[in-house]
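See below for the structure under consideration.
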Amino acid sequence: MTQALDINDLTAHYGSTKVLEDLSLSVGASELVSLLGASGCGKTTTLRLIAGFLEPTEGTIRLGGRDLTRLPAHKRDIGLVFQNYALFPHLTVLENVAFGLKQRGVASGERDKRARAMLDRVGLSVLAERLPGALSGGQKQRVALARALVIEPPLLMFDEPLSNLDAKLRVDMRVEIRQLQRANGTTSVYVTHDQEEAFSISDRVAIMNAGRIMQFDTPEVLYQRPTNAFVARFVGFENLIPLRTVARDGEMVTVEAAGGAQLTLSQERFGPIPDAFTLATRPDGLAVTPEAGADGLPATLGLRTYLGRAYQYQCETAAGHLVANGALSAPLEPGGTARLVPVPDQCCVLAGTEL
Amino acid sequence: MTTRLSPALIAVAALVYIFLVGPLIIVIGASLSDTTYLTFPPQGLSLRWFEKIFEITAFRRTIVTSLQLAFLATGLALLIGIPAAYALNRYRIQLPSWLSTVFVLPILVPEIVLGFSLLKSVAVGASFPIFLSLLIGHTLLVLPYCVRVISASLASFDFSIEEAAISLGSPPAKTFFTIVLPNVRAGVVAAFILAFITSINDVSTSLFLTGPGVSTLPIQILAHVEQFFDPTIASVSVLLMFLTVAVMAIVERTLGLTFLAK
Amino acid sequence: MFKRYTGWTLALPATLLVALFLVLPVAATIGTTFVDAKGVLAPYVTFFSSGFRRTVLWRTLEVSLITTAISLVLGFLTAFVVSRAPGRLKSILIIAAVFPLLTGVVVRSFAWLIILGKNGILNNFLVGIGLTDEPFSMLYTQGSVIVAMVYLFTPLMILTLVGVLENIPEDVIQASASLGASPSGTFRQVIFPLAVPGLIVGAVLVFTGSFTSYATPQLLGGERQMMMGTFLYQRAMVNFDWVGASTIAAIMVVITVAVVLAMTRIAKRLNPMTT
């Protein structure tokens, strides 16, 4: 039943506006892939193209060897879970779940049995005869999930399925979704703007921006090794420092920041360092030290805030505004000067200096 | 309610309501009078003027014509108005914004001008039969109500529900009937009632399009008033009111009148 | 699902009906007034050089404006009471305002024939209390037309305004009171300005309705109180002067459309919610 999804060079327009450009994406059989990005990044467009609600101007969509690109939506056999549940208000919970089976010509007795079994799996069998209006948000989303799963689709897609739920329920539901998906081994595409949600639920995540995939990898790699400034910023690398190499001495490379401050970085610890690059760090990746001689960027300290595990400093440097964390044991006074020293394990070297 | 209303204001409102409801009560009263002239309060109660309606062939015929017209025009307007309303909501990006204005034109253009223009181009110019001309006029007249009321219903319909059905394998045309239509039923019924009432009471458009042998009830009443001033007019007016109320009652039975309060 | 023309296909039948049987015929009607053998604007010269026709136009405008003004005042005051009435009473009042609207223009105008006639209820009453020996002739006067039209259109005004007034949140009114405004001050300075867009919508409905009415002026005004609607009918069906009738039709269309467009624009500008 499980099939792989292959999207090749997909381009789409709304009227004359290009909303998706040469997008390619492969989702392996039984894999759950998230499309993550801010609104307008093209993630929902991609989902609607796969579902068949939009027509691409170019490119192909294949599911397990079947070409879906020109197939009408109702023949695609894809399970969909919507943000606002999209339950049929005039049908009972059971009728909602049985709807897809009815379209497939399943006899009514069998239909009922399978729908009830599915409702049982999401723990809602007692509500089978209710109308959706009488359910809570979480129950509605379970019905929607049951409705999509009962047709045993080769591909399951989720469009921001949890964003209408409160925070606690969101976490419970995402575990539930992941468990059901794992148990059935259904290939899945999951659209969300919530980074934590995407990272926690997915095998791999595609971070999207302006109709393109910026990076497609496992959550671990995305979180620790972004490959470009957009993704770096997206996953919380607040400091992006453009640097230029001025001298190389074996493993050691001397680099210069805007304003002329120089640092020496070890390629052994920071990885290969090109001639022009951007050093990306989270606040934890810049250590604040009062030592004037330290190998770091000179900075003037601004506002200090208490994070519990560290102090955070707003710093002004010749290379711009940076945010750095300093040890609780040695609080520094705002207004003083300090050095910001990059911490090797927590820095990323990004090619190019374009931010 | 926390806002205190001044007694003077309440008195004004009460008088306005007497002004609104009073004349209708007077018509009903006059229709029951036993006299040969119109009077109120009725002198002696009798239903004979209601019997009289059916003795007058012209009334009998026009009642039938008016009912036929109202049902057919409303049906036709719904038949073409529902797809139009659906298109306006579902395919908004595809369609030019002026299109919704087109469907309001029959309200914007004075009815009497529409009637006269249809007389010139359709009834006389193209020699359409009288009933057909009337049907065209009435369908146009009620189309805006159908499109607007159903559009309003569709505007609050979540189209992802339709997409959910399609993704589950229901073909789009079938989905419209099994999923979309049942969820805008209240709008369709409201549109039906508004359209029916508009058609059955219409004067200005029908005025020019009625002809030898084919007329509508309101036009016949107008013609009758100019010749006779007897209680038949009151009773036929009451009959027209009753027809309206009957339609409302049927709807009230099935759906409730709450939509009117919106 | 995809097809680029699905929307158009669905909207096509209704669009065609309006285009073929409304836009074209009305355009043709207006068009004939510009291709008259006697000169380009001859029908309009004829219209505006006739004292009688100018009087008809003027009377129609006057009656419509007075009707609009009276319905505005009555409708606004009543709608305010309705909008602040407790739930159950409110529904009854709304249905009571809807009911006359469901009854046709002919029936409702006819009611005033019974009331205002020589042997009508009002005259019987006046004679009965000895206020007068001779019954007044109240029919076929401007007053009788206006009374019937106010009767006709006030429910429409009430319903339009109830919707608007209900949307004014109670806490806005309470805020005004807490800042020291008297009830009448709140009414004038808070409620009225917020209701202005609704008043304009209602005014447009009543004005265009009165301006283009036929049955009411026909029954209660007769030949003596000829208005644009009845005059159009007379030119077309009694005198068979189709160019004259078309000219009246064109003037009605222009004035109606101009009023609607102008007032819509003003309503948009005055709407405190959008600025």
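As written, the chains take the letters A, B and C, and residue 1 is the first residue of each chain.
Throughout what follows, a residue touches a chain if its C-beta (ideal position, glycine included) is under 8 Å from a C-beta of that chain, and two chains touch if they have at least 3 such contacts.
Bear in mind the structure is a predicted one, so any value in this text is a computation, not a measurement.
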Q | Chain of greatest Cα-centre distance to chain C | A | A
Q.
Tell me which has more C-beta contacts between its two chains, B-C or A-B.
A. B-C
Q.
Taking the mean of each chain's Cα atoms, which chain ends up nearest the overall Cα mean?
A. B
**Q.** Where chain A and chain C are represented by their mean Cα positions, the distance between them in whole Å
**A.** 58
Q | chain B-chain C separation of Cα centroids, rounded to whole Å | A | 18
Q | chain A and chain B, separation of their C-alpha mean positions in angstrom | A | 55
Q: Would you give the residues of chain A that are in contact with at least 2 other chains, written as numbers and ranges?
A: 52-53, 72-74
Q. Got the chain B residues that touch at least 2 other chains?
A. 166, 172
(Q) I need the residues of chain C touching at least two other chains; which ones are they? (A) 1
Q: Could you please specify the touching residues of chain B with respect to chain C in the complex?
A: 1-6, 9-10, 12-13, 16-17, 19-21, 23-24, 26-27, 30, 37-40, 79-81, 83-84, 86-88, 90-91, 94-95, 99, 102-103, 105-106, 108-114, 116-122, 136-137, 139-140, 143, 147, 166, 172, 197, 200-204, 207-208, 218, 221-222, 225, 229, 233-234, 237, 240-241, 244-245, 248, 257, 260-261
Q. Can you list the chain B residues touching chain A in their complex?
A. 93, 158, 160-161, 163-172, 175, 179, 182-183
Q. Okay, in this complex, where on chain C does chain B touch?
A. 1, 4-11, 13-15, 17-19, 21-26, 28-29, 74, 77-78, 80-82, 84-86, 91, 93-100, 102-108, 110-115, 117, 119, 121, 151, 154-155, 158, 170, 173-174, 183, 208, 211-215, 218-219, 229, 232-233, 236-237, 242, 245-246, 249, 252-253, 256-257, 260
Q: Could you pull out which chain A residues touch chain B in their complex?
A: 14-15, 51-53, 72-80, 82-84, 86-90, 99-100, 103-104, 144, 147-148, 151
